[in-house]
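Attaching a single structure in structure tokens format; questions to follow.
Labels for the chains are A, B, C and D, by order of writing; each one numbers its residues from 1.
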Amino acid sequence: MVPLSYYLVLSGILFACGVTGFLIKRNIISIFMSIELMLNGVNLSFVAFAAHWHALSGQIFVFFVMVVAAAEATVGLAIIIAVYRTRETLNVDQVNLLKL
Amino acid sequence: MSIGTFILVSVIKIVIALFVLLTAVAYSVWLERKVVGHIQNRWGPTRVGPFGLLQPLADGVKFLFKEDLTPPHVYKPLYIAAPMIAVVFALTSIAVIPIGNWVKIGGLSIPLQITDVNISLLIVLGVTSLGVYGVALSGWSSNNKYSLLGGLRASAQMVSYEIALGLSLVGVLIMAGSFSLRDIVDAQGGRFLGFIPRWNIFQGQIVGFLIYLIAAYAETNRIPFDLPEAETELVAGYHTEYSAMKFAMFFMAEYANMITVACLATLLFLGGWRGPVFGPPILQALLPVFWFVAKVFVFMFIYIWVRGTLPRFRYDQLMAFGWKFLLPLAIANLMVTALIVALKS
Amino acid sequence: MTANLHLWLIPLLPLTGAAINGLLGKKFSRPVVVAIALFFCGAAFADVLWVAAQFAALAKPHIEVVAPWIRAGSFQADFGFYLDQLSLVMLLVVTGVGFLIHIYSVGYMWEEGGFYRFFAYLNLFMFFMLTLVLASNYLLMFVGWEGVGLASYLLIGFWFTKDSAAAAGKKAFIVNRVGDFGFLIALFLLIKHFDSLNFQTLAQSIAPLAPETAGAGLLTSAALLLLVGACGKSAQIPLYVWLPDAMEGPTPVSALIHAATMVTAGVYMVARSHVIFERAPAALTVVAIIGTLTAIFAATIGICQTDIKKVLAYSTISQLGYMFLACGVAAFSAGIFHLMTHAFFKGLLFLAAGSVIHAVGGEQDMRKMGGLRTKIPWTFWTMTAATFAIAGIPPFAGFFSKDEILWRAYQASWAYWLIGVFTAFLTSFYMFRLWFLTFFGEYRGEQTGDAQEEPAQTGMSAPHDHAHGHGGIHESPKVMLVPLVILAVLSIIGGWLGVPGSLGGKNRFDQFLGPVFRSSAPAINNSHANAGETAPPEQQTEGREPETGHSTELIFTGISVTAALLGLYLAWLLYQSRPQLPQQIAHVLGGFYNAVANKYYVDELYSVLFVKPLVDGSARLLWHGVDQNVIDAALNDSADGAREVSDVVRQMQSGNLRSYAGWIAAGAAAVITYMIWMGVK
Amino acid sequence: MLHLILFLVFGAICVAGAVNLLVQRHPINGALSLVVVMGSLAAEYLLLGAEFVAAVQVIVYAGAIMVLFVFVIMLLNAGVEERTTGSRVALLFGVPGMLIGSLLIAWVLISRSGTEAVAVGALPGPPRIMGWLLFHEFLLPFEVTSILVLIAIMGAVVLAAKPPSTAPTPRED
């Protein structure tokens, strides 16, 4: 028997790792993957709560998260390809023209 | 049954399954060479053993003792991991495939299936979809433009055709109302008009069946969809740089995947192990397995037959076919099936 | 109230015409424009006639609410239309005269630039005027009120490239605003105290009130404020100054707006508010005084004017003064009667004047005319009819209405009567002066009327409207003459509607309008207010008239006629038989003459009293002081501040994705801390 | 007990994969470690009795999305990322903020939440019920997401399509 809080802590750790990745990674693709990591962490807490409260809706939401993640991945990767085609770099520190 | 016996039985089953599967793989290679040979008016392997029956054994030995050379400038960890990934996932998916009914051995009844989970179909799909990593990574890691192209093609093509594949299965799922392969097979029991068995293929899923077949060929990178390893364009595609046992692993993975797909097709569309059962109990226990194996064999034969006769697609043709024809067709099939089922109930 | 007359159709028709012409007219050829304008205006006229045919069968007043407009709490003002005898008369006058003048304009404006614009404005004016007349509450009336103001502004400034025209338009607009200010405050008063602007509800809530004989109360103040508005619109002292300048507009406009219809809106409004005025004797007195003063004041100015249109303008003002006088002595029906006849003959006068100007090629100075009698007979005869009508010589229309007013005025106070009669004398004098100067004697102008011309071509790119056939003086085209003739007939027979009892008539007009005014008249010694409705009109009339019998009335009639004839004779004497006399008289009178000739320097006075202080004040205090140093300064400083702040803040927008992520993370941490802290507390 | 052990094992794998994603400098390793994370997460879902979710997790995430990532990495031939110092903010504010936030949350979780346990397979989410929920209670979100996916597809096609001016597409054969 595992306390609910364990799952939550685990998901929290995953989410924190995602945030950290977003912060310290330079490669756009890596950053993107960090986002996916965060989503996964959230999903875990969703499922954990669903099991805890005996409510299936939590799992449903996981599906929605996945669908959104898929859409995001497609568009995002397409954008990355476009960026690479024009700037010929994947380093976010060098893709910083969008400013005042 | 107690946990101990459960583990024991499971281990026994796993060992048997692995042995059978690997043998099947080996002999499907032999079969392929023979059949293609005859299609091309050759004899195929004849030297080793009667009809070259021992050929696979010899090949295995050869692979084992060949020098396993690793080219320079490859990305080693993945280069080594890739074939393992491929073969492992290829072999894993067999775990949930039932090849027959429950059998009673000394009091406890055992399903002819390593484990029966109620989402077995999904597990098969998931595992096979993971198989692509082997191909892609090998192509990328071996630092070779042909391999890279092969890997790219493989991943793109597999992801694309997986959709059509999955959609073609949904029709069957709707009719069976379950993800469990065993339930699906049970749902195909009985026959109508007295003689036609209630297999899904005869229940209007013929379109789905064809879609599944085509998509499956693409999933397993077989002719006419073997772009990833197109000899004439990319020397040997993703496994150009591989040799010896690693190469053998890819080989095994490919054929294992073929077998898995064939099993799946059998279970989903051809009523699995269903068939005329008669005779003494022992025969009654074994006949279903026989039917199952027979059907799978038919599929393997078709595989080889197609390979021997069809030319290869062009890459853009492949993609266009998958996205613009197969996918809409699958969706239409799904809609029609859903409509019919809804109207029936 | 059962019958539905679709009154909303009446104003809507001209609006449609205005919309079509105004939006698409540029593309249309002139005949098309004319067709559209005339059709919609005529349709409105026809509709009004139809309504008039139905009228007898109606319960009065007939009210139709088309749509809710403003409903705030218990207050509500709807798009409602109010039809009773009064508004019916107004409808007939407006649409009828309006239609005729539309026809006339076709000939008059044919050569003008912005042809379609002119007719669009004209239709627009019709729309607003009809709204004003038909409105069932003061608010909707006010909409029409402002609308006609707008239309007149547009039409006065029709030749907007000419400075004087533009200035005149602005002047009219601004002076009217002064009046509207009073009007608005009156409306607010009414809303505050009676919580309604509907004529009916107001009448019901006011009728029981006793007249404010002692001291000025709510009703008096409301009435006075309404009067201010009326003065503005109807060009009464002290707000009359805009009307003479308004003659800068095309002559048909002067005829329609500044003689026949719009300027009478004030009279209509006072009559419409009679319930209030009747209960505010003080206000009534003020009305009467203002009317009288205006009448004589304008008349004196009119004597010395040389511009034919200016003369007519001032005579308009003085006639309006008559109408106010009538209202002031609570003889509303008489006022409306004079309004109608005046609409006929004054409209006719202007149109004829326009025809004259047309004939002599844009000349407006009477001293350069003369002897046109033979050259333009049609115009001459119609003009003659109008002149006799306005001079109040029986049996022309003006006689009856003016006589009615004078008689009622006498009943109120002999002073009114005296001034009225004198004004009548002046009126006939300056009108016949105009008549003689224009049509008799020798032609004193050059053959080619290029001296100082109708503003048409000056500034306007269009060819001069009278450029054709300048070889000599010529009669106007048929399309201009037909309205003249019709109006002439009307101004001859128009008065017979109201032949007073003394002349053996029974004053049908008064009876017709009777129910409107009598129903709510406060009965003597505070008996219950609306006894009038039950009693038959004649008896009511008797009841209201003092015992002075027909004989006295006849005498007074005789006097006023004599005055008119005297004016005729004097005019003949001065401008026909002994033309050199006027100069001598002018010499004798000297300064007074100059004062009169220069309109008593009223414009100058106003400009010194109001305009200059306003301009200087607004320039110094408001513009430089408030606007530049407060408002602009505040805006600029805040803008500068924003720029400086953003200069600092925008450093955050480094364009670096990870920096943004960093900010987000920090912010999230802050939020989490806050939430947990709150949770812990 | 078994449940706890399994949880810890897969949790450890999860965290290891996540951390690996952070330390690895080559995107493809990151991708693979992410796949590992997802696989072990699927195991966690199984422990929580959400078999269907687990399966979908494997198929969609590991099997499709991550393949897409790997594909892009291979396509762009992304190399080892260089450690440029583009943003001080991220290090000065972001990381501390992240740490503070996560620590606070962890503290709250540990301190506040009672020890009520989650049973293994406590809530079997049979696909049948999930489907029912999807098509009844969550019909609108479901349809909306479907539209979202459609839009995403079109957007991806538009974005990734080579502008004809820059480079003429070479013939495949």
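The rule is short, and it goes like this: a contact is a pair of C-beta atoms (placed from the backbone, for glycine too) under 8 Å apart; a residue touches a chain by one contact, two chains touch by 3 or more.
Predicted model only: the values in this text are computed from it and were never measured.
Asker: Which chain has its C-alpha centre closest to the mean of all protein C-alpha atoms shown?
Answerer: Located nearest the centre of all protein C-alpha atoms is chain A.
Asker: Can you give the whole-Å distance between the Cα centres of chain A and chain B?
Answerer: Centre-to-centre distance between chain A and chain B: 33 Å.
Asker: Taking each chain's centre as the mean of its CA atoms, how far is chain B from chain C in angstrom?
Answerer: Centre-to-centre distance between chain B and chain C: 98 Å.
Asker: Rounded to a whole Å, what is the gap between the Cα centroids of chain A and chain C?
Answerer: One centre to the other, that is 76 Å.
Asker: Based only on mean CA positions, could you tell me how far chain B sits from chain D in angstrom?
Answerer: From the centre of chain B to the centre of chain D is 28 Å.
Asker: Residue numbers in chain C touching 2 or more other chains?
Answerer: Each of 654, 656, 658, 661-662, 665 in chain C touches at least two other chains.
Asker: Can you list every residue of chain B that touches 2 or more other chains, as numbers and ranges?
Answerer: Correct list: empty.
Asker: Note the residues in chain A that touch 2 or more other chains, in rising order.
Answerer: 19, 23-24, 26, 92-93, 96
Asker: Any two chains that touch count here, so list every such pair.
Answerer: A-C, A-D, B-D, C-D
Asker: Of all residues in chain C, which touch chain D in the complex?
Answerer: Touching chain D: residues 654, 656, 658-659, 661-670, 672-673, 676, 679 of chain C.
Asker: Under the stated contact criterion, what part of chain A meets chain D in this complex?
Answerer: Listed in rising order, the residues are 1-10, 12-21, 23-27, 29-30, 32-34, 36-37, 40, 43-44, 47-48, 50-52, 54, 56-57, 59-60, 62-64, 66-75, 77-82, 84-85, 90-94, 96.
Asker: Which residues of chain A touch chain C in the complex?
Answerer: Against chain C, chain A makes touches at 19, 22-24, 26, 31, 92-93, 95-100.
Asker: Can you tell me which positions in chain C touch chain A when the two form their complex?
Answerer: 650, 653-658, 661-662, 665
Asker: Could you pull out which chain D residues touch chain C in their complex?
Answerer: 86-87, 89-98, 100-101, 104-105, 108
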